[in-house]
Amino acid sequence: MTVDAPTYTADELMAVTAARRLSDGAVCFVGIGLPSRAANLARATHAPNCVLIYESGAIGAKPRHLPLSIGDGELAETADAVVSVPEIFTYWLQGGWIDVGFLGAAQIDRHGNLNSTVIGDYDEPKVRLPGAGGAPEIASWCRETFVMLRQTPRTFVERLDFLTTVGHQAAGGGGAGVTCVVTDLGVLEPTPGTGELRLTELFPNVTADDARGATGWDLQVADDLETVSPPSAGELEALRALVPANEETVAP
Amino acid sequence: MTVDAPTYTADELMAVTAARRLSDGAVCFVGIGLPSRAANLARATHAPNCVLIYESGAIGAKPRHLPLSIGDGELAETADAVVSVPEIFTYWLQGGWIDVGFLGAAQIDRHGNLNSTVIGDYDEPKVRLPGAGGAPEIASWCRETFVMLRQTPRTFVERLDFLTTVGHQAAGGGGAGVTCVVTDLGVLEPTPGTGELRLTELFPNVTADDARGATGWDLQVADDLETVSPPSAGELEALRALVPANEETVAP
Amino acid sequence: MAEIVPLTEAVRELVRDGDVVALEGFTHLIPHAAGHELIRQRRRDLTLVRMTPDVVYDQLIGMGCARKLIFSWGGNPGVGSLHRLRDAVEHDWPSPLELEEHSHAGMAAGYAAGAANFPFGLVRGYEGTDLAEQTRVGWVSCPFTGERVAAVPAIRPDVGIVHAQRADEAGNVQLWGISGVQKEVVLGSSRSIVTVEEIVPELEPRPDAVLLPAWTITAVSPAPGGAHPSYAHGYYDRDNAFYVAWDEIGRDRDRFRDWMQRHVLDTADVTEYRSLLAARETSPV
Amino acid sequence: MAEIVPLTEAVRELVRDGDVVALEGFTHLIPHAAGHELIRQRRRDLTLVRMTPDVVYDQLIGMGCARKLIFSWGGNPGVGSLHRLRDAVEHDWPSPLELEEHSHAGMAAGYAAGAANFPFGLVRGYEGTDLAEQTRVGWVSCPFTGERVAAVPAIRPDVGIVHAQRADEAGNVQLWGISGVQKEVVLGSSRSIVTVEEIVPELEPRPDAVLLPAWTITAVSPAPGGAHPSYAHGYYDRDNAFYVAWDEIGRDRDRFRDWMQRHVLDTADVTEYRSLLAARETSPV
């Protein structure tokens, strides 16, 4: 890294990496957190016509600040249309209109299957996680699904404690399943043929061994492993301009 | 009939008879023609809070003139809400919110079953009728269904050419089925126990034999057969004030 | 992403002989201009889908465009029969017409299933009727209660065609008033054409409005007056006299053909058609 | 027909111990005031239904009102865990909590089926997951394609509770902005309570508004500010700081109980609760 290169966090490069993969006009099903930052960054940079759909029913939302919840008032305010939750999941998601869906998870396996339900046994959980939310249908019906999560042996596991969401194409939905996993170390993509996730891109200053060490299965590495370019100054500036509004709040 | 009594048509007394049976606040699923006249007459007289729902999706329509089609612009203009056609049939009709539905038909049998599909054989019809429309679900899901049609041996038949709509409670829906048939001769209602339609009310100057002669089955007559009061001057005035708007039209 | 193209081009590019085509609009915003264009371009062997095949399908059927009709109520609303539909069913004129018929609820369930990408929709009014024997109905059992529920196939037309009040220049469409199954047919069809009264710079949000994003539509075509003789809420009223007059025109084969020749085949588009109608007082039908 | 009654009375009359109760509002218009009233009146053994059991259900569960939870995503949105929910599931504190969980699409399908009076709804995301083994899921076969489709039971609560912006004096309710499953839960419940920001003489039509006629509602109760800490579009914003602070309050059993005692049990209604919060600068939590 040269002295003049801007410094950035892993989260920032994750958002930038996912954003770069969104083409202009892509219709995105977006959650809160990193996915929302990524999609809004794309809209603020190379993909101004990126369409944002939130599971709360906001279609074509154009938030002027980063929403704090998937049902932020800003989303309804700036949306082309607001529909009911049953409609967003049936006519719009399952109807096949979404290009890219974003998901997080507590665990992922080599097939891109996800766990967001429990750590440990279902009936005697060590950690009770929030649950499925929109994930099973997002992974089934978006043309592509991007997963964003930090890579550790506890999250990238040989065997999920619970299979909440089928990540591979065989799920039987209309989409291709998980096509890209953006972590804080690089990018994993399904191997043509087998569908097993393998390392295809590395973040700067990260090695393939770092990634292997952070993976609970025997991670395969693409022959043509590439290195992700650091965020440009423009990307970083746009990303950092994406902040939540300063709202009047009443502390409890 | 005294000299001073107002004269009226059979259609008018049919509308008045049906209207009188609507209680204030009743939620009515209304079609065009006599049912619409009856429901709007009720709203203009004793039942100002009668709620009109049209299968086009208009909920709580308060038309200022008689609508010419079930999707008249006046209905959307004056409705409390306009919903989609799938929604009106699922959430509102099948959801069990309707007190009284109105139907017509080409044929009715003694059980209140209706034919609005074909006269003659289905594959080689003598007359192709419009078809089911909303009728099967209206008769299944409204708490009560009123049928309005002129009584002749060709319409009140021993055997339907086609069973479009199940009229008796056994249909398995949530409603009581056809509870009242208003004809140009009087009123038929289901016999407690058997459910067979029998004559319970006669229009003025009509005899039970007239009604029997106009019925293709052996029509039973209630012991306490009543006579329908002629329309009052107020009812007639209100009914005759219900006219379609004079709209600008382009003749073809 | 919607392209804004003339209706002639939209129909030429998007509708093929033999297609399953749904022209929707429940008593309101009926896409008559698009129906006329199908007739002008002499599409054949269409499977026509529509809850209420009123005058627009009477014309298509009488002109021999249709092989099959999927519908729930086929009359001239407030007037009586559709004589061309009846002539096709009763006398195979101008050609036989296969029927698949449902209740309104069944059609609505089929459209909703089509939009939602379910293979079937549910309907609870067919039990005990003769409908089940004459139409495509299946049965499923509720896995929780055991109850038997009728199923209708999802409706996923090759081409869905609707009329709307407005589009913006990007091809986003807004319609309001009675909205029928328009959203379902556009979302459930492989290709779609939306004719509009006008194209405006911006679509102001309105009560009871349905918005169809440009990316759900294949073609948007301006067709001012394109819903005549039905109405376009906020633009013009229903031409009730036309519906009454159609009873006479449609009743007679020759008179029907003559009328279609002069008003549809001999006109280039909806503007010429409307001009011809407007001149009615000096040139009676 | 809706009666306009104080919330205390609506809860007293309409919610019974052991009832299936759904408080809905998807991130917006969450009926917190009604949740507090359930706690004040010490309802027990409730089956709580809600897609996103966030802070409102964390409070009810922590106060021992619930026997079972039917849900699809149980977290503190944008913050993290619901500690009271986790404590109940992981340590049976204050009592065991039975779970029935679905995906959002499954819950939405259940609510839609409940409103439509179908015994089940369809969902196409459960195939291949472990959800099917841990929750109430059945399977039906499409009679046309043979495809296997998951079915979820209709959700028909004893009591549905939502918050809305406005009602008129007749009890008709209007809400707008993100509308979630509010219509479905009111129409699908045996009894319903709608808390509102205000009662107005007339409900002006608005874009993206949902209208619930008075005859679909059992009780309308004024509860200005009753969605706090969530928001009421057009009235007040989301109190994001509260959601963050809840993480600390909810993490500790004693601190949670103390907070609930002072803010809910010791206040009479939403007005007192809001006053207490407003005084936070002089009387810190």
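When the chains are written out, they are named A, B, C and D in that same order, and each has its own residue count from 1.
Rule of thumb we're sticking to: a residue touches a chain if its C-beta (ideal position, glycine included) is under 8 Å from a C-beta of that chain, and two chains touch if they have at least 3 such contacts.
Just so it is clear, the structure is predicted and the values come from calculations on it, not from any experiment.
More inter-chain C-beta contacts link the pair B-C than the other of B-C and A-C.
Taking each chain's centre as the average of its CA atoms, chain B and chain C sit 28 Å apart. Remark: chain C and chain D have CA centroids separated by 41 Å (rounded to whole angstrom). For chain A, residues touching at least two other chains, in rising order: 81, 90, 94, 141. The multi-chain contact residues of chain C, meaning those touching 2 or more other chains, are 112, 117-118, 124, 183-184, 208, 210.
Across the assembly, chains come into contact as A-C, A-D, B-C, B-D, C-D. Considering their complex, residues 32-33, 55-58, 68-73, 75-77, 81-82, 84-86, 89-90, 93-94, 117, 122, 125-137, 139-141, 162-166, 170-173, 244, 247-252 of chain B touch chain C.
Chain C makes touch with chain A in their complex at residues 1, 112, 115-118, 172, 183-184, 187-188, 210-211, 213, 215-216. Residue ranges on chain A touching chain C, taken from their complex, read 25, 27, 51, 59-60, 80-81, 90-92, 94-97, 141, 174.
On the chain D side of its complex with chain A, the touching residues are 26-28, 51, 71-75, 77-78, 81-82, 85-86, 89-90, 101-106, 108-109, 111-112, 123-131, 134, 177-181, 183-184, 208, 210, 228-229, 231, 233, 237-242, 245-246, 249, 259, 263, 277-278, 280, 285.
Put simply, chain D touches chain C in their complex at residues 117-120, 122, 124, 136, 138-145, 147, 149, 151, 153, 205-209.
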